[in-house]
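Two complexes follow with chain A in common, the first pairing it with chain B and the second with chain C.
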Partner chain A sequence: MSVAPSVTPTHSRDAAPAASRRRGPWLSVAGTVPFFAYTAIFLVLPTLLVVVGAFRSREGVFTLNGITQALSERTIGIFINSLVVSAVTALIGAVAGALIAYALATAPSGSLMRRTFTAFMSVVAQFGGVMLAFAFIATIGINGMVTRLMTQTVGFSLDPAMLSTLFGVGVVYIYFQIPLMVIVFLPALDGLKPQWREATANLGGTGVTYWTRVAGPILLPSFLGSYLLLFANSFSAFATAAALISQQTIIVPMEIESALRNENDLGMDAYAQALALGMIIVVALVMWGYAVLGRRASRWQA
Partner chain B sequence: MAGVNARAKSGAKTFRVVVIALASVYFLLPLVSLADFSVRFPLTGKVDANAWLALIAPDDSGRLDLLREGLFNSLVMAVMTVVLAIGILLPTMMLVRLRLPKLSRIVEFICLLPLTIPAVVLVVGLAPIYAVISTKILDANTIWLAFAYVILVLPFVYRSLDAGLRSIDLKTLSETTRSFGGSWWTVLWRVIVPNVRSAIVSACFITIAVVLGEFTFARMLARTNLQTSLFQINLSDGQVAAAVSLLCLGLTTLLLVALDLIVGLGERRRARTLAPVTVED
Partner chain C sequence: MKKSPLALVAAAAVLGLTLSGCGGSATPASTGSAGGGAAAGASKAKTATSAADLGGMDALVAAAKAEGTINVIALPDDWANYGQIKKDFAAKYGIKVNSILPDASSKEEIDAAEKNKGTANAPDVFDLGTAVTMASTKYFAPYKVAQWDKIPAGNKESTGLWVNDYTGIMSVGYNATKFGEITSLDQLTDPKFKGQVAFNGKPAEAGAAFNGFLMVNNANGGTLDNLQPGLDWVKKMKQAGSLNLADVTAGTIDAGTHGVVFDWSYNQVSTIARLKAKGVDWKTFVPKGGEIASYYNQAINVDAPHPAAARLFQEYLYSDAGQNAWIKGGASPILYESMKAAGTIDAASAANLPKVDGTPKTPTSDQSKAANDFLKKNWDAAVA
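Here is the complex of A and B:
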């Protein structure tokens, strides 16, 4: 019996982890329930509601009404507006952003100018939505500073009404597209090794050879990937356009808003869901392309 | 050869200075205009600080009540979102790392999913859920939007916490605590949380920045938050809207700069504290 006290603790010490290992998985799984339950309600369920709801009437019967409505000529026109404004602003943003990123990449990586400007870019990339729309109204709107200064000095100005057109929305979007490009493309430029340029020169290549045969092909997947990210960024944007234009719907998110907030016609739910499904499809394709390009780009980042 | 090199170098410098200067003008112009707009009366061109003074005036006959309500709601939701997001995610991530490594891919996938689903799409699916919440479970108060905001910030919170947990030896820390008789609660609250403090703080800041800037959910579900009230105020009083926008932007900038500093400090401190441990090993 005198041995027992010394045995029991050792025994229990051994047994405790074993028992908890046996019970462990189930207890641990139980511990993740809040996370999975929460994301099921607020993330998975809404997504499913969109996908399923696009094919269901309010009474829960299968219908193609929403889809047919979404395939009407007017709605397709709105989708084309969205696609065009995203494609164009992403292209301008990508080219201008790549140029700025290149200028930054030529600076030594610790330099004050580079650090300050990169930080400034990450702040500006966050500056979107309603407040950005106000800023542009204050710049080139009817009482804008640039409008005023231009009329005072050169006697004419940009048309202030431009801001409430698709073109104007595009002009404002470029303001947040460029900094996003700088942030996502700068690492790719930093990944270019100076040895590659030296090797090209040693083999008799010129600067043009380097850019067209070496750096260009290496950067291309990153550039295209960043372009797609910018595309998705403006395709999903809503607040800026909503604050600029109040009278008409010109892009898909605005059409979703009017369908969703329409309380007279409850049948609009399926339409809103069909529009959202259309957006999911576009963004999924874009993100798939982004993933493929990302794999290609990472080949040179070892 | 050296001459060519030097010429190329100075060429690159000129190019860099010109591009950065032009870009700075482009990016600063709307901000300067916004400041100008907030102090200049549109019709007469008279410059005064009335819009700014109105923000701190004790009584303005209800002109800014909507804005105050929006700001209040957004601040409350920022706190709720921070607490919920970290409260749900941190224990889950800790458990997954220690006990259920097989689930780590799926948790990561779910957390990053909101990056690929536009907010406008998500809100369409959230509308019927919020219809149930406002009629059957809670009420139509704006602050319940915080539940949906947790989803919006999930990717950012996940990334900060992931980086924080990656940088500590979670297994050793928890086994040590457990073998000294500490409960799982002690592991989480007294050991893990203090060790990933900077990751938690950065998750908080990005969450606050996202919640204060959120417009889509509130607008689509017809609630009043900071951005939707700014949207409304702008229709009647553009100067106040401009002033508040600048304040908001300043606050967000401060948050992001502080975030950058905290992350930097955390990394440096970790490098210092980890060094002796490796020597002892």
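Here is the complex of A and C:
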């Protein structure tokens, strides 16, 4: 922080003569500075700290303890949990969200119904964290509204303990996965031109032909891209699960928190960083896949 | 909560006067210079190992007031009556109490000191569990409070790096209005407790939950070296469906999501008061054989941004007012015995202290370490 004021004046002094001759290039470079500064501070630096931290003990010496612990059977199990819950909720969210998005896409784009619905989806997609967890606890938790209503009327209820299991966490995640899919997938559906369908029909194709040979292949990259986004979304989620389950570690972010907080064993910092490194690798792979698919999808959006 | 603190503030003020009177008369020569330069006072305060080093209690108070602020960390309002302690200290000395990360763990307190080192945001004082205290002495500044000699030798580091402050007894708190009387842990497998019973955190990670586990273990025939009975009991509870793994907060207790909670006696007291207002009777009991106690420790950050205020806060905590505030919150402070002898314990507050039959046990650091490793390995599977 204290560096900034001392650096800026020198910059502007150096830049002044240059700017008079070639203002254009300088300005265009200057425009990207905030972006690169932002990425450097909030993305590159933390990543580097995590990579270094994964090999440093609390006393600052090189250690492989963190990595070794992160490769233990128990930790791998937690990683598998995280991957499974993310993959499954992303799949359910992607399929259900795509169907809803298609229903919306058939409505005229300016209609009140469609605008209301997409606005609602945008809000719900952002509803997460502790509030979401508590909303579920208050509804189908042990003393929840629906639980009590069902017990009083039909004599049984959902098992309230379900919320504190991997399955329950998945159910809660789907609550924000579906609307997120609707939001990110709707533009792709809007990109389907009615002429394509007409052309298919003119050439003697049926509805099935259209979906399997025309719309399907066009939508596939953006469907898969949305799927990866949903996957990363739930892979990195923490607060919801932490509020639902505090006495058991089921997903990676919870294990990181547990290692950082641990009052009984102080030597777990490197392990926490190693876990974070593992997550970075997974997300980097996913984002790479997303970028590749994005390039393919953009061919049809020109 | 509104009424009683007033009385205590008054008591504290009177006490403060007598205390500062003592300090003043002990070292009359140096009190004059104390008001002089705040900067000089601050640099001196950084290395002061007692109030006398600064020229007595008056000088310490003046230096602390000149700093004007104290950063405390990991002191939730509903933990051991810290809400009142922070308020009373601020009111008595006109020093702003800046409460950072109230829900931080002991380890996070040390991490905050390390990461904010040299800034005005670093914590000034710590309240730490034993494991973290023993491993973090290089972060502490030695200081001996006025009451130093009354603290038993086994409860302090000899140079004053850390001092035991208060302990509670591990207890079972429950909603007696809903469940009636509970006297034994065995009752908790009854179907009416479905999804109601919780530890305060994860035993392999949080001190309160760790000691909660030791309580159920010892009550079920285990010892501090044999934790299998506790684990078996937890498995049994899990199979019966009684365990609730969600995070315990005042909100979940109030909403009826957690009806039985294992926690320190001093945390149950605030729940009792809160639920009483709603017409719910929250009761506690200590299971037979499962008496577990564990002192927390006070220490001053060696790089405290407000060194005088940090030292004054220690003096306040170990004054009769501070000790009585802990008692009021259901914690047994380290000076309890000496205050009992001197007759300075606030009788009404003492009623909040739990009744204990057996002699409370505290694990040694080796036992803690072994137990933690055991839990790390087995806990997740036991509750899965």
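Assume the second predicted complex is superposed on the first by the 253 of 302 C-alpha atoms of A that agree within 3 Å, B and C clash if a C-alpha of one lies under 4 Å from a C-alpha of the other, contacts with A are read in each partner's own complex, and residues count from 1 in each chain.
Going forward, contacts are C-beta pairs under 8 Å (C-beta built on N, C-alpha and C of every residue); 3 or more make two chains touch, one makes a residue touch a chain.
It should be emphasised that the depicted structure is a prediction, and the values quoted were computed from it without experimental measurement.
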item: Three-chain arrangement built on chain A, chain B and chain C clash or fit; value: clash
item: Partner chain(s) touched by A:261 [first = chain B, second = chain C, both, neither]; value: both
item: Residue contacts on chain A - larger count, chain B or chain C; value: B
item: Contacts of A:119 with chain B and chain C, given as first, second, both or neither; value: first
item: Partner chain(s) touched by A:143 [first = chain B, second = chain C, both, neither]; value: both
item: Touching partner for A:109 - first (chain B), second (chain C), both, neither; value: neither
item: Touching partner for A:100 - first (chain B), second (chain C), both, neither; value: first
item: Which of chain B and chain C A:50 touches, first, second, both or neither; value: first
item: Chain B versus chain C as contact partner of A:160, first or second or both or neither; value: second
item: Touched partner set for A:245, first chain B, second chain C, both or neither; value: second
item: Chain B versus chain C as contact partner of A:135, first or second or both or neither; value: first
item: Chain A residues contacted in one complex by chain B, in the other by chain C; value: 134, 137-138, 143, 242-243, 260-261
item: Residue ranges of chain B in contact with chain A within the complex; value: 12-13, 15-16, 19-20, 23-24, 27, 29-34, 36-38, 42, 88-89, 91-92, 95-96, 98-100, 103, 107, 110, 113-114, 116-129, 147-148, 150-151, 154, 209, 213, 215-216, 219-220, 222, 227, 230-231, 234, 238, 241-242, 245, 248-249, 252-253, 256-257, 260
item: Complex interface listing, chain A residues touching chain C; value: 74, 134, 137-138, 141-143, 159-161, 163-164, 242-250, 258, 260-266
item: Contact set on chain C toward chain A in their complex; value: 105-108, 110-111, 129, 131-132, 135-136, 194-196, 198-199, 201-207, 209-210, 241, 243-248, 251-252, 255-257, 368-369, 372-373, 376-377, 379-380, 383-384
item: Chain B-touching residues of chain A, taken from the complex the two chains share; value: 24-25, 28-29, 31-32, 34-36, 38-39, 41-50, 53, 99-100, 103-104, 106-107, 113, 117, 119-120, 122-124, 126-132, 134-139, 143-146, 175, 178-179, 232, 235-236, 238-239, 242-243, 252-253, 256-257, 260-261, 269, 272-273, 275-276, 279-280, 283-284, 287
